[in-house]
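Per-chain residue numbering starts at 1, and chain names A, B, C and D are given in the order in which the chains are listed.
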């Protein structure tokens, strides 16, 4: 039985961790903290846990219980100040904030506008994307989370990174990515039905693309009418023409054995390319492509659930790796159709 | 040229008044107040006015400009304390809060839980539903607004009120009815896609039904996935069986000349009964019905736009009546399909 | 290993059966038929099965393979003509059409307007709602499916059936309930955002309520903006006043041990009553209530996923009962939040 | 009084023409044809016209009534075969199909895969985008309609066309653009909530961009969760760096006097860039921009209502020009907020 603690468990990623871990018979949740909801039952905030959370309640995060794996879901910037301490409570830490994603403290300070206050801990954390860092994650035993937008760019771009001259990333993202705190921009009458450019240039997750793919992209993000999900379209100006077979081969070589990456490109049916709506709740990353020969352009499509593959799901996958378990354990939900 | 002031113009009903009045060449907006947005251009809050609001800005409501017609859109409870004063600034007042809807101060205190602090002004205000109080509105020169839920019950029920033994009112309502202030319950990830019972019993608008129809109803309201709109289904247990022709005749007799009431009951097409989605932005109240002979039940369907017929549209209709103008002036928008 | 066949597997309920059964290691799918898609891979029609359906393809239903459990998902009316034959292929049949739901052939012919052509088989089928017919299902070894609307009425009403004088059932239902064939009324520009009364009176599922609860209800159904889900509000005129405690006790006595029925009634949080959106993909039936003492009315709220508890999920639960397995096996998905 | 006929009036663009023209007191609709709905009242298909269409019914298109202005809304390919004939019935023709948009018959046959059968009529038609062809429209007296996707690219790109090295056009479009015929892909359970790439490369509207802007673009279109609306993001690789002021100046110079083009770029409020949801039913084209200096990229945002500015609204604007009327006549609807 592996013991698990979750610091900051009332947010959406905390809720997803609970959904993924509570049903498992090899995991025991020893602590789920929330300052705002301390003492309240988990199900008050996460009503989908009514059948599986029993009488569990949020506790304070002042005292962190010893556990095998600690997931930290605190706001960006506040984790790094506590990490030294947190690491003493657990054999493994998976931190879902942005604090330990960038291994170069200079890259961090450039994109986050402030120096990293725990830079010496950075080498202890692998970048928590199993497809690219499986061995590091196993070896270091600690992992960062991943940026959800970054993941929707990194996974499709990585295999083609050396073929791309320039890359435009046009991102469409659901409302859950902004977290569970109400604001003017999340107010239903204002948010419903939008296609709202919210980061025309300079999105912070670009830093994770620079780190992982070794190249910068021109990224523009739009808030769209979904709760969960990211759909990213990458427009690659190619260095040299590619054939369709070559693309298939590149993708299969890179991801052929990955349990959570599916190449989606069909000539029949309605779901010919990746679509986030059938990925809700799953840990899949669907990748599709089409060649625009007239313009020597490769169009890559990527869809994920921002809260799962883009956050809690990849984190659980990291935990499975650290513990030597099958990577897919607890992440088997196939998704719903229709939905 | 009629001069108009709007006190509390940054909310959704204030915005609708501006949308309806700014394009009119017989109306001049002399003041639109907002405490929160004082000094900001109207279009910052009401982006749909970009083409028609020019450089107009929100002003303070500390000094109320003289005008012919003053619309007050302040929170419930705060209007009554200022009404004496406000009435000195204008020939006509239309108050969109709940403060002057109930003519009996006892009814008010029963449903709002607090005594009415300006009860002696109540006789100066007509209940602002033109279909039922056209003459009063004209004569008194001041009107309350109407409760949006109340209107979706009153208009279909009124013609049948003497035929009904008991009435269940099952109300479905959009998110704009809760106003423009963000809250946990209006947060997009939580509000999207719900069918959320929010007033199983005891909704305050029942008081307006008691006043207008002379009978109580059993009302349950649900928040549903719309921004604008109310769809109300009334289930009437009839005192005696009715025939379809009789129902048509009752409705036509009551509403045959009403410019904004349409009887919607078709045997063909997709839109056989009232539906709020094709009423967005319009001042229509669509009423339909079906007889359930097995149970001596009459089912009435009503759809309105809560912000228009249920608020600003009826208010403008009242103003038109007070000024001796055609009632439909400025309210001609027919609605969109598809939408 | 239990062998399973699915006749009519390309529709939405067939797809749900596949989603629920394919991941199970105690089940082998030996056949999934579709006339329209014969020879095509399952995933062309059910894209959510991409990770779990492997190379499986639809087969013809002309030859029905022997299996332990046969699920039939054919259109209403066409199953009864083949049932004799189908029953020879399997130890157990669960029929998701309406053909074997009504045990009284007269009730069938009254509501479906045509005589039942296999009336003598009716006694071989239990009504497939485990909460009310667990023993029958086990004993007879064959079960009908359940009407989704009927289930959303029967489960909340059953415990209170003797307390109710009259019952209004106001039903809100998602688009998947109409199946996967396009039509004018399912065309996205026309269907999106509606609250469309589609069965003001005389909905066929009332027959299942008469059978199960022994009383008729006044049912009106509305198509609303959801794909999956039913939210039903029952307005019960009570024979005598009930107290809140008594209601709790009645519900607990009836459903206290049921794994898929949850009483949802909270004073805190956003999800105080049942809501379909957090039930997508789950087999739960959430039931809530509120007393309207002024009118001696009990308001019951019920939410289910029409494709799961209202169809495939209950069917799998029946199969588990027939096979002597834990009822919850394969039905553990807790649902998503936010969603 | 101008007499107007509409051939093919039961589709969505036909419905929009009726919505825009029926309320006008300077226009008389002499004919609205539909083969499928011949003899039925207009309101059966266009329920939003209930207040303004009176008893008007669809007629056959076999006999085309004489009129001043004839709008043709027939399927692509079928108009050209009848145009000779149609032009004899009216002083002015505005054709909303694709048949007369491309002035070069070779461009037509390249993109539509078939020779143009009425090439000699092409010089009689102006490309019906008033902002770029006001004089032609006036002079020739006949106009094509515009491609809705093309318009969402042409209007923002045109002023910057000489500054762009390469252009990626990432298009998001609502379901009404596919017309009013049901199909598997428009079936609500399948279409709701999608971000579905449907034209990764080679969208036909690119031909109109080549014609109008003199350059090709790399266009990828996605079906998204809207009924009306297009949101297009253009990523321009610039030939030389531009400053923000310069961009403002370029846009103002080109569009400063245009009644239906608004530059939307704010530092405050929620609606800082163009968004289709507040343009439903309006003839506006909102254009915004942001500079990505790190990559010498200009990001242009464009939003329109595909059925209005992208079809019927521009067509009415063309008619106004032909008739010497104010261009905005009948197109004053400002749009709704919230919506």
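Heads up, the rule we're going with is that a residue touches a chain if its C-beta (ideal position, glycine included) is under 8 Å from a C-beta of that chain, and two chains touch if they have at least 3 such contacts.
The structure presented is a predicted model; accordingly, all values stated were derived computationally and were not measured.
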{"item": "Selected pair, greater C-beta contact count between A-C and B-C", "value": "B-C"}
{"item": "Greatest separation from chain C - chain, by CA centre", "value": "D"}
{"item": "Centroid spacing, where centroids are CA-atom means, of chain A and chain B in whole angstrom", "value": "45"}
{"item": "Averaged-CA centre spacing for the pair chain C and chain B, given as whole angstrom", "value": "39"}
{"item": "Where chain A and chain C are represented by their mean Cα positions, the distance between them in whole Å", "value": "35"}
{"item": "Chain B, residues touching no fewer than two other chains", "value": "12, 176, 180, 184, 189-190, 192-193, 227, 270, 275, 338-339"}
{"item": "List of chain B residues in touch with chain A within their complex", "value": "12, 174-176, 180-184, 186-193, 227"}
{"item": "Chain C-touching residues of chain A, taken from the complex the two chains share", "value": "12, 15, 19, 22-23, 40, 44-52, 176, 180, 227-228, 262, 264, 266, 268-271, 275, 278, 280-281, 284, 332-339"}
{"item": "Chain C residues within the chain B interface of the complex", "value": "166, 168, 170, 172, 184-185, 189-190, 192-197, 200-202, 216, 218, 220, 222, 224-226, 229, 231, 233, 235, 237, 270-273, 275-277, 288, 290-295, 297, 299, 301, 303, 338-339"}
